[in-house]
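One chain, chain A, appears in both complexes that follow, with chain B as partner in the first and chain C in the second.
This part shows the complex of A and B:
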C-alpha cells in the first residue's frame, strides 16, 4: 500500500524523476532506488520534478542528503523543481535551499544544467 | 464563567510500529486538526510533526521491530491542539539531541537526524516524558500562534 511513485523521463542528457504522492519513511526507499538506478545508468544530471509531490517528511529529505555529494563528485547535480509551496516549506525549514539548487520549473533546472555544461560549475558548499 | 475551559475532547488511534501505517496516522491527525478549525498550514504542520515522532518511535525506540504498538491521542482543548504519542521502547534523550548541520550531514552522506528539529520548528511546544516503561512525546500548537515555542509556558490571556 504505497501512494508514492517515481516516473523516469529523459530530456536530452538530463534524467527527470517525476515524484507523485507522499514521500515518507515508508516510501523513501523508492526514491532511493530511483536515484541509484539513474546513477547506475551513468545519469548524474538529475532533475527531481515535484509538481505532483503532495507531502515530504525528513525521511524523504534524507534521501537527497545521502546522494548529493556523490552526484556532485561525479560531475552532476540533483536539481529540484516545481515544488508545491507546502512541500517547499519543509525543504526550507532545514535550510535545503542553501545546499540544493531548487528552482520553480523543470525548464529552469534543465537550463541550469546547460549553463553548468558551458563552464559554470554547480555550487558545492 | 468560562465553561469552554472544560470542553476537552480526546480521540485515540493505535497502530503497529511499522512505517506502512504512517499515512493512516497523518490522516487521523489531519482530520481532527481540520475539524478543530485549525488553518491548513497548521494541519500540515501536525501531519509532519506526528509523522516525524512516529518514525522516530519505529526506527529508534523500537529499532525497526514492527511487532510493537504505538498509541496516538489527539487532545483538543479550547486554546490548543495536542498530539500525544506513546511507546514502550527505548526512551529518547532530548538533552543529547544536537541541531543538525545539513552541510556536515551531506558530506557524511547521512540520511537522517533532523526529525526532532522539524518537530520543534513546526510546533509551539514539544515535550518528552518517560514514566516507567512508557515514553511519551506531546506536540502542541496553540490557537493564537507562537507564544509558547519549545518549553516556555503560554502567555496569560488578556482579560
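This part shows the complex of A and C:
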C-alpha cells in the first residue's frame, strides 16, 4: 500500500537516508521512524538523499522540522541532497533553503559535514 | 372407521390415538356393543349347553380380538390425554390395580362352584371339563368381567410403560418397543384356534414358542430403558420404590401362586374367554414384571447419587439462565459483573474474576475488570493473574490448576480459600478478548463436566463481550461523526460568508476540505474606507489538528490585521504569536495582501505560501515569488529578516489569483499534477471575465483535468480583479456559497 520507503546507508560518520516514493501525511511516520532510529544509534549527521523522492507534502516537510532542533543541539545536522526540481520547489516555496543545507548531490552534503567539522559553522546556525 | 383411525396415526410410529371426543365416544360405543355380543355368545353357549360350530367360534374369536383392539385404543388415548410424571403415573396405575384387585376378589366369590365331588365333569371354575361350556350364567358373567379387568389392566400397564420406555426416545428405542408389541401380538395370534378346554392352560405349541423367544428378548431390551429415573428427586425415587414394590407384589404374586396376575383362577377365566387374548395379557404382565424389577433396582442404585445429580442439574440450569442474561446485556460494566457473578451464583465456584486486555492503552497487559466472591485487592495478593493470562494465551483450551496453592503463580497458601482454579480464555472472532478465572475452596474441585459447562459459558460470555464492544465502537463512531459534522459547521463559520463589495474590484473565493475539516483558510477584512486586507493560508497536514490551527489563524488575522500597517508587519506578528502554540512539525504557509483602492496598489507578502499568480490585461502573466519563510518554521529573527514584500501598482484588468497547494498539486488518474503552468494558461484564457466567472472557470478547468470530484487535499482559490476606480459599483457584492463551490463550475458555460 505504502509507496514510500527509506533506505539506510553509512558513508563514514554520515548516515544517509535514501528516500523513495511519495512522502505525505500517511508515510511521514516512516521517515520519522528512520530519523529516530538514526538518532538512537547516535548518528546525528544525517543526509537525506531525495533522488528518488517523487513527491512531498507539507506533512512530509514537517518531519524535518520536528527533528532539526534536536539534531543540531546534539551537534549534528540534517542536510538534504539530490532533490528533483519539482520536489525542491516545494522545499523552496516554504523557505527551507534558509533553514537547511539543501545541495545538489550527496557528495556535496557529506563534504559540507566535513567543512562543519573543520570549524565552518552551518549556514543557518 | 378403524382404517380411518389408523390412517390418522402419524407415520405408524405413534400409536393409534383418538383425536376427538366424538371419535372416542364412537369407539367406546362400538366396543361396548361388541363386548355385549361376546357376552351374548357365551350366554347362548350356556343356554344350548354345547359348543357351536367351529366357524362360529372363529367368528367369535375375531370379534373379541377386534373388540379388545378397540379397548386398547380407548385406554391408550386416555393415557395419552392424561400424561403424568412417572411418580403420578405409577401411583394411578397401582391405585387402579388395587381397585381392580378388590373388585376381582368380590366377583370371584360370587357363585363359586364348590361341589366338585358331586359332579366330576365340572372343573373348579364352572365350565364343563371336556368342552369348556359354562355351566351357569354366573360363570359367564364372571368370565366376561374378570377378563375385561385383566386385559384392561394389562393395556393400562403397557400404555403407561410406553411413555417411560420411550423417554428420551431414539429411532432404535422406538423400533424396539413397537417390535416387541408386534411380536407379542403375533405370539398371541399363533394360538388363535386354541381353546382352554382342548389345549389346557399355558401349554403352548412350538410356533408360539418360536415367536415368543424374540418377544421376550425384546422385553428384556425394553426393560432397560430407564433413563427417566435419573431425573427424579430423592423423594420421588423413594415413593416410586414403594409403588414399584406394590405393583410387583400384585403382578408377580399372582404369577408365583398360580395363573393370573393377582387372582387365583382369573387367568383361567381369561383363557376360557379368549385364548390369544390371554396369551397377550400374560406377556404384558411378564413384561410389566420385568420392567418393574429393573425399575426397582435402578431406583435403588440411583438413590445415593440423586443429590449430586440434582446439584449438577441446578448448576447447569443456573449457567444456562445466566448465559441468556449475558447475551442480553449491552452495557459493558453490567456485562462484566454479570459474567463473573454467574459461575459463583450458579454454585460452581466460590470466586470468579475477569481480566481483559486493555484496548485503550493498546498494551496486551490484562487488567482485572470485575471480581465476584473476592475483592480486587485481596485477589491481587492471592494470584498473579497476568502470568496466568499469558499462559492462557499460549494454549488453546482452559487452564486447570487442581492444586492451585502448589502453582508458582498462585500466592495463596492452603486454607486461604483458593484450592483449585480454572482459567478460561474468552475468544471471539479468533481474538482473545480476555480470560475468566474461576476458583474453588477445595482442591481438585473441577471435574470434566464442570469444565464442559464452564467452557460453553465462556464462549457465550466472549460473544457477549465482543458484541458489547462492537456496539460501543459503533456508538463511538456515530458520536465522532456527529462531532465532526459540528466541527465542519463551525469551521464553515470561520470562513467569510460573503465577499466584501468594494468599488473597482470584484472578488470571489472558495474552499473545500478533503476531510470533514481542513487546514485551509481564506478571509478578508475591511481595514478602512480604502483598504482591504486579504489572506489565504494553509496549515501543514490535514484533518482535525490542522482545523484547530486554522481557527487560531483566523483569530490572529482578525485581531492583528487591524494593527499591522504592512503585510510584513502582520506576518512577523503572526509568526511570533503562533510560535507558542504550533507543534514543532506544523507550520502555516500564508499569503497576505493589503489592497489600497485609493492608491491603486496591492502589497503582497508570501510566508512560504504558493506564489500568487498575476495577469495583466495584455495577457502577460507571472507568479509573484517573493522570499519568505512559512509561519512556525523559524522562531528567531530570521523570519523577519528574510521576509520580502512586493508592492504592485494596479492597472485596470489586473487579476490576482491566490490559492493553496491543493490546486496546483491535484493529480488526475494518470498521476499528473495540474501544476503552475496549467493554472496560468487557464487564467490567460479567462482573464477578461469578472472575478466570480473567472473563479468558476478556473475550478471548471481544474475539474476537467482531474476527471473526478474527489479531493486529495484541501483546496482554496481566491480571485481578485481590479477594474479601476471608475467602474464604481459595476460589480457589486456577490454572495458566495462556500459550501460546495466545486460543483458550480461544471455548469458554467465555456467562454472562448
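Criterion: the second predicted complex is superposed on the first by the 122 of 125 C-alpha atoms of A that agree within 3 Å, B and C clash if a C-alpha of one lies under 4 Å from a C-alpha of the other, contacts with A are read in each partner's own complex, and residues count from 1 in each chain.
Note that a contact is a pair of C-beta atoms (placed from the backbone, for glycine too) under 8 Å apart; a residue touches a chain by one contact, two chains touch by 3 or more.
Remember, it's a predicted structure, so these values are computed and weren't measured experimentally.
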Touched partner set for A:26, first chain B, second chain C, both or neither: first
First (chain B), second (chain C), both or neither touched by A:105: neither
Touching partner for A:3 - first (chain B), second (chain C), both, neither: first
Touching partner for A:36 - first (chain B), second (chain C), both, neither: neither
First (chain B), second (chain C), both or neither touched by A:66: both
Which partner, chain B or chain C, touches more chain A residues: B
Contacts of A:58 with chain B and chain C, given as first, second, both or neither: both
Where chain A meets both chain C and chain B, residue numbers: 25, 57-59, 61-63, 65-66, 69, 86, 90, 93-96, 98-99
Of all residues in chain A, those that touch chain B in their complex: 1, 3, 22, 24-26, 55, 57-59, 61-63, 65-70, 86, 89-90, 93-96, 98-99, 125
Chain A residues within the chain C interface of the complex: 25, 57-59, 61-63, 65-66, 69, 86, 90, 93-96, 98-99, 124
Footprint of chain A on chain B - complex, ascending: 19-20, 22-23, 26, 41, 44, 47-48, 51-52, 55, 58-59, 100, 102-103, 105-107, 109-112, 114-115, 117-118, 121-122
Complex interface listing, chain C residues touching chain A: 538-542, 583-587, 589, 608-611, 625, 627-630, 632-634, 638, 642, 661, 665, 673, 713
